[in-house]
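Letters A, B, C and D mark the chains as written, and numbering starts fresh at 1 in each.
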Amino acid sequence: MTFIPKDKNFVKRVEESFHQQRFMKFINAQLIKVEPGFCEIHLPYNPDLTQQNLFFHAGIVGTIADNAAGYAAFSLMNVDSSILTVEFKLNLIAPAEGETLIGRSHVLKYGRTLTICRSDVFIVKDNNEKLCAASQSTLMELAG
Amino acid sequence: MTFIPKDKNFVKRVEESFHQQRFMKFINAQLIKVEPGFCEIHLPYNPDLTQQNLFFHAGIVGTIADNAAGYAAFSLMNVDSSILTVEFKLNLIAPAEGETLIGRSHVLKYGRTLTICRSDVFIVKDNNEKLCAASQSTLMELAG
Amino acid sequence: MTFIPKDKNFVKRVEESFHQQRFMKFINAQLIKVEPGFCEIHLPYNPDLTQQNLFFHAGIVGTIADNAAGYAAFSLMNVDSSILTVEFKLNLIAPAEGETLIGRSHVLKYGRTLTICRSDVFIVKDNNEKLCAASQSTLMELAG
Amino acid sequence: MTFIPKDKNFVKRVEESFHQQRFMKFINAQLIKVEPGFCEIHLPYNPDLTQQNLFFHAGIVGTIADNAAGYAAFSLMNVDSSILTVEFKLNLIAPAEGETLIGRSHVLKYGRTLTICRSDVFIVKDNNEKLCAASQSTLMELAG
């Protein structure tokens, strides 16, 4: 599906919002790609982000899925809109054991109030990408 | 509902697992209470854990909900079992703006393989607790 | 939690909407109770509503959970509002094997645009109620 | 992704199970296509399956999404396995107003115990297919 962003400076707007999220800086997440209705975020491995087996924590996997979805949706929104996550659902599919976590999300439906996204989270190990989580999210556009 | 834990040292077992999760230490989450089929986790405010409005990040809210659910379920499991989050779904209900985030989860059904939990996340502001998120999770017990 | 309905004739309004849903009549679902922010629906067993083991079909269990949530939310809405289900998530917890399926839902948060509900579905067998499914839903109020 | 079914007679096994579900017959759902890890189900419009606006009821939309997911997963399972829906999450994206409801589901991950599927539900109106719902499901394989 092809989306026409309402704000032609959507990349800059997404980048600015991403860099205002101090949690993204705290965990060293990188905004890699923003296209209309799409976003990709990378997160390098850091033992501070792990659970009891030293794999990425499920909360971190959910964070990357949720944020990729939020910025995929935000890329299409009006220049003065803000965005809220209404809800998300995440399936953890394989252990997040590897060097980099990659979240990719695309918009399924951009609506006047609500936007629906699907996200995939991959774990990279020895240059091999493996699906480790899948998510579906509802986002809300708040005018002004 | 009243649950009988299979392992009478379940509190110690939950505490040990919690303290092995380096992400819990990194964000300074506190395991406050563990009962059979119940868990409560607190997280003090820290601007490093915030989104663009300086409220707790949705990923952090999800982390606390997921971890409370995981340990509520783990409290009932066999002494040598390990636990996996299969999936969770989180509704964000109010802005997580306040001094402390509190996650409370209880087991709805403890099954041989799968356990279902419901979690509530509260934000404390000026000594007032307010529901800010609600979650439902599926956990899996792995023998041995 | 106590809710004050905006429309004092909310019971009548819920009943009318329920009886306009031809699918409820087709499966013989009964609206049993409506209170502010709460709804209970019963469904007698009928082999036409079953899956391969002759238990209630998961789609029917989801229908009862979703509809109970919808009317719990609708009970609080403005007299001229209509309602949409945005999304729901359902865990199937035990086989729905018995004489009556009971859906009970209550509102967790009634918001200006979005309302969040939790639903429990019980199966009655030999006069014994057993939890067979648990759900969390997001509903939307449409003005006018 | 390409899946190798464990049972080469998987199409026949899926068809038999589908036809044992009396609810599928009751609503006149048609099993249209079964491939390894994929299933498509059609449902012709019938006013008995509608909500208050005479569109397909959300419970029916969920039924078609859930059943397509179940049979996409079941196509890959062992010859003597049975299948359970653990949970599903459904977003309703557009009104299900039209002549035919189409559910298509594919397996994201086929695991030893749990299988994850994504489903799309389309509504056909004037020969035009439109996405009206999106779902993510967890299914469980039961040996013997």
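In the analysis below, a residue touches a chain if its C-beta (ideal position, glycine included) is under 8 Å from a C-beta of that chain, and two chains touch if they have at least 3 such contacts.
What you see is a predicted model; the values in this text were computed from it and never measured.
Over half of the residue numbers at the chain B-chain C interface are used by both copies of the sequence. When every chain is reduced to the mean of its CA atoms, the largest separation from chain B belongs to D. With centres set at the average Cα position, the gap from chain B to chain D is 33 Å. One inter-chain figure worth recording: chain B and chain C are separated by 28 Å, centre to centre, where each centre is the mean of the chain's CA atoms. For the pair chain A and chain B, the distance between mean C-alpha positions equals 22 Å. Annotation for chain C: residues 86-87, 89, 91, 138 touch two or more other chains. In terms of which chains touch, the assembly is arranged so that all chains touch all other chains. The residues of chain A lying in touch with chain D in their complex are 89, 91, 93-94, 108-109, 111, 116, 118, 131, 134-136, 138.
In the complex of the two chains, the chain B residues touching chain A come out as 17, 20-23, 25-26, 47-52, 54, 57-60, 62-64, 66-67, 70, 84-92. Chain B contributes residues 86-87, 89, 113-114, 138, 140 to its touches with chain D in the complex.
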